[in-house]
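Note that the chains are named A, B, C, D, E and F in the order they appear, and that numbering of residues resets to 1 at the start of each chain.
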Amino acid sequence: MLYLTRVEHFNAAHKLFNPKWDRVRNEEVFGKCANENWHGHNYELYITVKGNPDPDTGFLFDAKKLSNLIKDHVVEKLDHKNLNIDVEFLQGKMCSTENLAIAIWEQLVPHLPHGVALHCVKLYETPRIYVEYFG
Amino acid sequence: MLYLTRVEHFNAAHKLFNPKWDRVRNEEVFGKCANENWHGHNYELYITVKGNPDPDTGFLFDAKKLSNLIKDHVVEKLDHKNLNIDVEFLQGKMCSTENLAIAIWEQLVPHLPHGVALHCVKLYETPRIYVEYFG
Amino acid sequence: MLYLTRVEHFNAAHKLFNPKWDRVRNEEVFGKCANENWHGHNYELYITVKGNPDPDTGFLFDAKKLSNLIKDHVVEKLDHKNLNIDVEFLQGKMCSTENLAIAIWEQLVPHLPHGVALHCVKLYETPRIYVEYFG
Amino acid sequence: MLYLTRVEHFNAAHKLFNPKWDRVRNEEVFGKCANENWHGHNYELYITVKGNPDPDTGFLFDAKKLSNLIKDHVVEKLDHKNLNIDVEFLQGKMCSTENLAIAIWEQLVPHLPHGVALHCVKLYETPRIYVEYFG
Amino acid sequence: MLYLTRVEHFNAAHKLFNPKWDRVRNEEVFGKCANENWHGHNYELYITVKGNPDPDTGFLFDAKKLSNLIKDHVVEKLDHKNLNIDVEFLQGKMCSTENLAIAIWEQLVPHLPHGVALHCVKLYETPRIYVEYFG
Amino acid sequence: MLYLTRVEHFNAAHKLFNPKWDRVRNEEVFGKCANENWHGHNYELYITVKGNPDPDTGFLFDAKKLSNLIKDHVVEKLDHKNLNIDVEFLQGKMCSTENLAIAIWEQLVPHLPHGVALHCVKLYETPRIYVEYFG
């Protein structure tokens, strides 16, 4: 078994804010990430799939097709968006990097072809903070 | 003469939107950067100063002091902020990376000590787009 | 005046081989870079333009337009190509990084709009070797 | 148990082309990677070994010896080469990154000393595409 | 289950030298790393914890708190230090990257809150050599 | 005219300490960089030369020869060394990055061939602090 990773990116605004709490409580918990006027990030997204190489192509999965699949089902919906407002599949969720990674996993799984399994969603919020989800 | 560079970073939300134009015109010019709900970036900021090393320290300028000066006068005012709304020194300006670099230059110049001149503000909006301003 | 840089990339094969010399002489001068069966690189290309920001947009030049211009006139012609064989504007030239940077400059200059001047072509052959050309 | 990784690199030309298929079919499947005149990459190679540190040295394995071993048995045979033509251990194989990672694993395994096991071959074809093989 | 990684760094001096051996033997085994006058590194430290996100915050663990915890219990004790002389928890140990990673694990484990488990200490000695320890 | 840059690296220990001052004064000025037991860095060194490409090779200067020249006259003398103690050409100088860059310039200049001029020594002490010297 082999693992193939494709890296994509998107730029988005968000805030960390729990609507069950008042503003003071949100600022206590989330600090400057709770700024009601938003902040944002250049997210780096590593999608890893696993499987066996096809004898005729040598490919586990065509990296160009994997890139297109990520772009169609994830990047198009997140890039230059406000994660708290603009993204249907994040509605009602806290916009932490953790929840974003899980949501990206759920977006991708239905679209992978037979024989290619999603292995890991790795998401950098900044160059020094990232989350990994393995399903 | 020597040049010393210190790299800092901040995360912020913004949009590109000219209030003199309607929404259709803004979207024609700025594309998805005009999203009225904002997007954001991890900005990387390179501040270069020039001068001669002090014989007693070997320093053109103490890199720790340069870092503190950038943090106090620039990063504190931009990090986890909305550039269009929250930042006094950007009021009334288009929030392009070009204008942001010029504004950062103007913030820093008054605070550099005698013998240390600001040489360049280099600002990455993404890992593949950056602007340089030399005053 | 401001400087705006956009980074693009292309992957290509080449060899260093002077047809005026025999194979022994070429291997003396170019070492393993003279391998007659070719080798290749992931080239990283930094294009810097200079000018003044437009008051209505805050842009010196739209980074998306700059990217498209580089793709149309440079990347499309070099990516996944053999530099010695496939590229019309390199015919008859030694395929060094130096000559490649000069040739890229000449490809781009005619296509920049009024008010936007080409400032620098910076080309990485490997992460530890790069060339800069300022015209 | 600990894991030690050493990063090396090599530059090579290749093409993706299945000799059982005609040129049209190869271009349908592999796109511009099928260019008959070749293209190339700066490959980045991460070799991870596992074991227990020696009490006298604190080393799982001497990183300098690991580097030399990778250079002797892998990098020397691939650097500045055409992967489809020049490399004995790739003869008759599709030159995908997947197959290249498996072949590198097979080259290294016989040469590791007792107590040091090969854990992973990770191979970047570009900064945004990589393959991992765990044997 | 999710994995959260925070990257920190510290700069330190060390040498590889086994006091049971004479200088000749140390130089045979450790080469220039045995220089009795020391050398040093910019260490990059990746700390990965695992757990489940809290429904109210979306966080597995607050990345700011993780950063502070690493700074208080690891970075403060190693940064701008001589690893062989200045660090209590390394006394009597060979200062290899392997032993340093294990010692950092032991420093951190007692300080993680209930529900957050330490998963991996990954430590870069140079950009091309790193060690991983999973406990 | 063209500019060619080659990147090399070395790992070294040093301290910032002015022997004219007592320990208290040194710690006031240099903080933890004055630790009498030393600390260290992975230095990244960018050497830029300028000139015109040779018509027969396409090279301003052979990057392999430039690398060897930097290794022979600079890296060999600094790598895995204590900058304050082990390096003849730094004797009596404060070991700041500024002074180190100037000293490296002076080491290299006499060894460049006719037609190749040294343009810049750029030296990273950490990934976020660097100095440039142009002679």
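Quick note on the criterion: a residue touches a chain if its C-beta (ideal position, glycine included) is under 8 Å from a C-beta of that chain, and two chains touch if they have at least 3 such contacts.
Here the structure is a predicted model, which means the values were calculated and not measured.
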Comparison of B-C and E-F (more C-beta pairs in contact): E-F
Inter-chain centre distance, subunit A versus subunit C - centres from mean C-alpha coordinates, in Å: 33
Subunit A and subunit E, separation of their C-alpha mean positions in angstrom: 29
Distance from the mean Cα position of subunit D to that of subunit B, given in whole angstrom: 41
Sequence positions of subunit F contacting 2 or more other chains: 127
Chain pairs that touch, as defined at the top of this document: A-B, A-D, A-E, B-C, B-F, C-D, C-F, D-E, E-F
Contact footprint of subunit D on subunit E as seen in their complex: 16, 18, 20, 29-31, 93-99, 101-102, 125, 127-134
Sites on subunit C touched by subunit B in the complex: 1-8, 48, 53, 56-60, 63-64
In the complex, subunit F residues that touch subunit E: 9, 11-14, 32-33, 35, 37-42, 79-82, 85-86, 126-127
